[in-house]
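The two complexes that follow have chain A in common; it is paired with chain B in the first and with chain C in the second.
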Partner chain A sequence: MPILSLDPRVNRLQAEEVPAHQPPVLIPGDHWPSYQVFHQRRRGEKHSSVGIVHAPSLEIAMAMAKEQFARRGETSNLWVVCTADVLEMDYADEEVFRTTPSKSYRDPAGYKVNDKIEAYKARQSNL
Partner chain B sequence: MYGGGYVPAGAEELKAPAENPELLAQFEERIARGEKIEPRDWMPAAYRKQLIRMIEQHAHSEIIGALPEGTWITRAPGFRRKLALMAKVQDEVGHAQLLYSAAETLGKSREDMLNDLINGKSKYSNVFNYPAETWADVAVIGFLIDAAAIVNQVANSKGSYGPYCRALERICYEESFHLKQGHSVFVWLATGTSMQREMLQSALNRWWEPIMHFFGPSDTMSQHTETLMRWKVKMASNDVMRQQFLNMYVPKIWELGLSLPDPALRKDESTGQWLFTEPNWDTFFQVINGNGPCNRERLAVRKVAEERGAWVRAALRRADARYATPLA
Partner chain C sequence: MMPTSLPTHPLARYLLHLADDQLVMGHRNSEWTGLGPILEEDIAFSSIAQDQVGHSLAFYEILHQRYGLDNPDQTAFNRPENQMLSSWLVEQPIGDYAFSLVRHWCYDQAVALRYESLSQIQDPALHALATKLRGEVKYHTFHAHTWMKSLLHGSEESRLRMLSALKEVWPLALGLFESWPGETDLMEEVGTTGQGWYPGEQKLQMQWQARALESMASWGVDVEASGLQRMEPVLGGRQGYHSEYLAPLLEEMTAVFRLDPQAEW
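Let's turn to the complex of A and B:
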């Protein structure tokens, strides 16, 4: 017996009640692989990672990305990249960057010469 | 939208295997410092399991939630309302996509999640097992169910799992449009003709119990709940969220001269807490277990959609497609 609904569209489906012990309807891969989406709001700004879409190809991933990540607000450009093509660093290796913030010799702030200049000027005027 | 009405697992189901104490300590310290957990990080099995279950239920609630409102797209009163409702329903399906991806990063495929939805193994928010009988139901859903969902989602967006928080950030932004457009329809009907007001009042009366059910029964503060709160999986108790909701939205209903079908409902000014009649929790569990007015319809529609779309997906599928777990 098809499901009886208040919604005429559902009645037109003639959908049957899902039997108990329903075998899987979907098999692995049915919903396609995933793509990472990068979004640029305006020209001149950078593209940023915004999420993923599932698609059978780059072209359809792009169509999905437009619907999913650009349906409101401003968009100038999108990139899609197949997730399987991305090389991901292991978070466990995060440690190797721990000392970077303290590498003052790489920072403009690591070079302070004002006291030297001031001391030099003082010495000069005392001559 | 609808993280609310989350159906927790029994403690037995989530019984944690013994974890490496050193890794567990590092994991808990990271969360205590306010840092996020990312997909490939070490995490306790119980954390992974609970999150998959929660995000998956949330995703199911989004696509199933699109059904009662979708019913009214063809019959929306006027072009602008039709555009708004189409946009809102599309957002909900988009939310499901974002959430399925977030759950997928934890190792369960989208296909398996949808299979478990169709075979009834995994749940979705109870409110979507009720029909939208009139246009006023669309007003009540868009305004009050989305409002309740926002309370829940804003809380969850401060949780510990990176991909879930990122998905919720985008979702919460879109929900605020849902709430605004729902409130607009609600106010239009409330300030309209006497027939419109009556239609809205009877929709409110029908929906009040499901709304009171939305956040679930009072939490029992078990060891299990405590762990989930420490891991920032559960961010606020059901009662706290229900109180927040009542406090923000009951006044917005009353100011329009509408009533709610609970004579005991009032704010105790001395404690700041809302008093109300406990909804019938028997009904709540009956509906969760498949006996609500629309459970059968919702699952049948979902199954038909997957089955009748199968040939399209198969025609587009490429033999050399490679699967990789989404990064974020």
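Let's turn to the complex of A and C:
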């Protein structure tokens, strides 16, 4: 029995109902690699990672990225990068960063020059 | 339905071709919404369809304001079949995805050419409009190109399906460049005022064909053996003669409109 629908397009397909118990058929090659998408709002700004698309090639990934991530608002440029080309750190190595938050001497707020900047600002505003 | 008379001004009639082609193409492409082979393509065809209907609106608006045609809704949805100037290419059913993609590629390449040419016009409003719409069509042709290349380089099956779709689409696509009443007037008009933006259908077809064949050759299609160059165009649309597919399309497209033709949307 073809599917009957209120949508004339669906009726034109004359598609048969798929029995619910039928498991999905997985065909090799049907699963495309993923690509990371980077979006730039305006020229000169940085490209930011916005998500991924699955695609059979870089070019098609770009077409899909345009649809997925540049549909609304401003866009000046897009990058797509095959996820497999990204060198990722191992989460097991996360411990190398464990002590970083406590190194306050690397925090720009701790720089002595801040006093000088404040003093300079005060002088400027008194002029 | 109330027959609206066709515009006699050559430029108006040319703009009406563009608008009708975009409206009907947009409607056909929107038929993929919800049925596309993969989600992103579903979205891509839907966005392109939205663009196309939007382009038709922009032209209907100008036709309404300058050339006295009825308002865009009435012009789009309340004309009998024999007053529609769209080509046979755009009214054909969506077929399979190969057919729809090849049609999309042939069609948007032609639109790109027409917008390039129209953007040379001195009229500031039309120049600005063509320049604005050109950007959207650039994406349409990029999308179409990418898939054509990919599927012509894909498996044996994808290649054969694309090639057979090409043979089906080609004569219809040639029909986009059918000569029309007023064509020589428009050519003379733009020629004598030194704008020269409209080269006539024959020249546009030559440019379109050269670009299309060049791309195909770069994708490994044996253009000579394909027989495309010996095909005859399918004509009629620009004179208001249509295939069996336009009437049911108009019926479906205008079903909601006809419930209340005077409704404000």
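Assume the second predicted complex is superposed on the first by the 92 of 127 C-alpha atoms of A that agree within 3 Å, B and C clash if a C-alpha of one lies under 4 Å from a C-alpha of the other, contacts with A are read in each partner's own complex, and residues count from 1 in each chain.
Note that a contact is a pair of C-beta atoms (placed from the backbone, for glycine too) under 8 Å apart; a residue touches a chain by one contact, two chains touch by 3 or more.
Treat the numbers as computed from the prediction; the structure is a model and nothing was measured.
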Tell me which partner A:S49 touches in the superposition: chain B (first), chain C (second), both or neither.
-> first
Pick one for A:L13: touches chain B only (first), chain C only (second), both, or neither.
-> both
First (chain B), second (chain C), both or neither: which does A:S5 touch?
-> first
May I ask you to decide whether A:Y91 touches chain B, chain C, both, or neither, giving the answer as first, second, both or neither?
-> first
Using the superposition on chain A described above, determine whether A:L26 touches chain B (first), chain C (second), both, or neither.
-> first
Touching A:L127, do we find chain B (first), chain C (second), both, or neither?
-> neither
Would you check which partner chain A:A63 touches, where first means chain B only, second means chain C only, and both and neither mean what they say?
-> second
Among the partners chain B and chain C, which is in contact with a greater number of residues of chain A?
-> B
For A:R71, select first, second, both or neither according to whether it touches chain B, chain C, the two together, or no partner.
-> both
What residues on chain A does chain C touch that chain B touches too?
-> 7, 9-10, 13, 53, 56-57, 60, 67-68, 71
Okay, in this complex, where on chain B does chain A touch?
-> 38, 40-42, 71, 74, 87, 90, 94, 97-98, 101, 104, 109-112, 114-115, 118-120, 131-133, 166-167, 170, 174, 294, 296-297, 299-301, 303-304, 306-307, 310, 313-314, 316-318, 321-328
Once bound in the complex, which stretches of chain A touch chain C?
-> 7-10, 12-13, 53, 55-57, 59-60, 62-64, 66-68, 71
Partner chain A, residues of chain C touching it in the complex | 31, 34-35, 40, 43-44, 47, 93, 139, 142-143, 146-147, 149-150, 252
Contacts from chain A onto chain B in the complex sit at residues 3, 5-7, 9-10, 13, 15-18, 21-22, 24-34, 36, 49-54, 56-57, 60, 67-68, 71-72, 82-84, 86, 88, 90-92
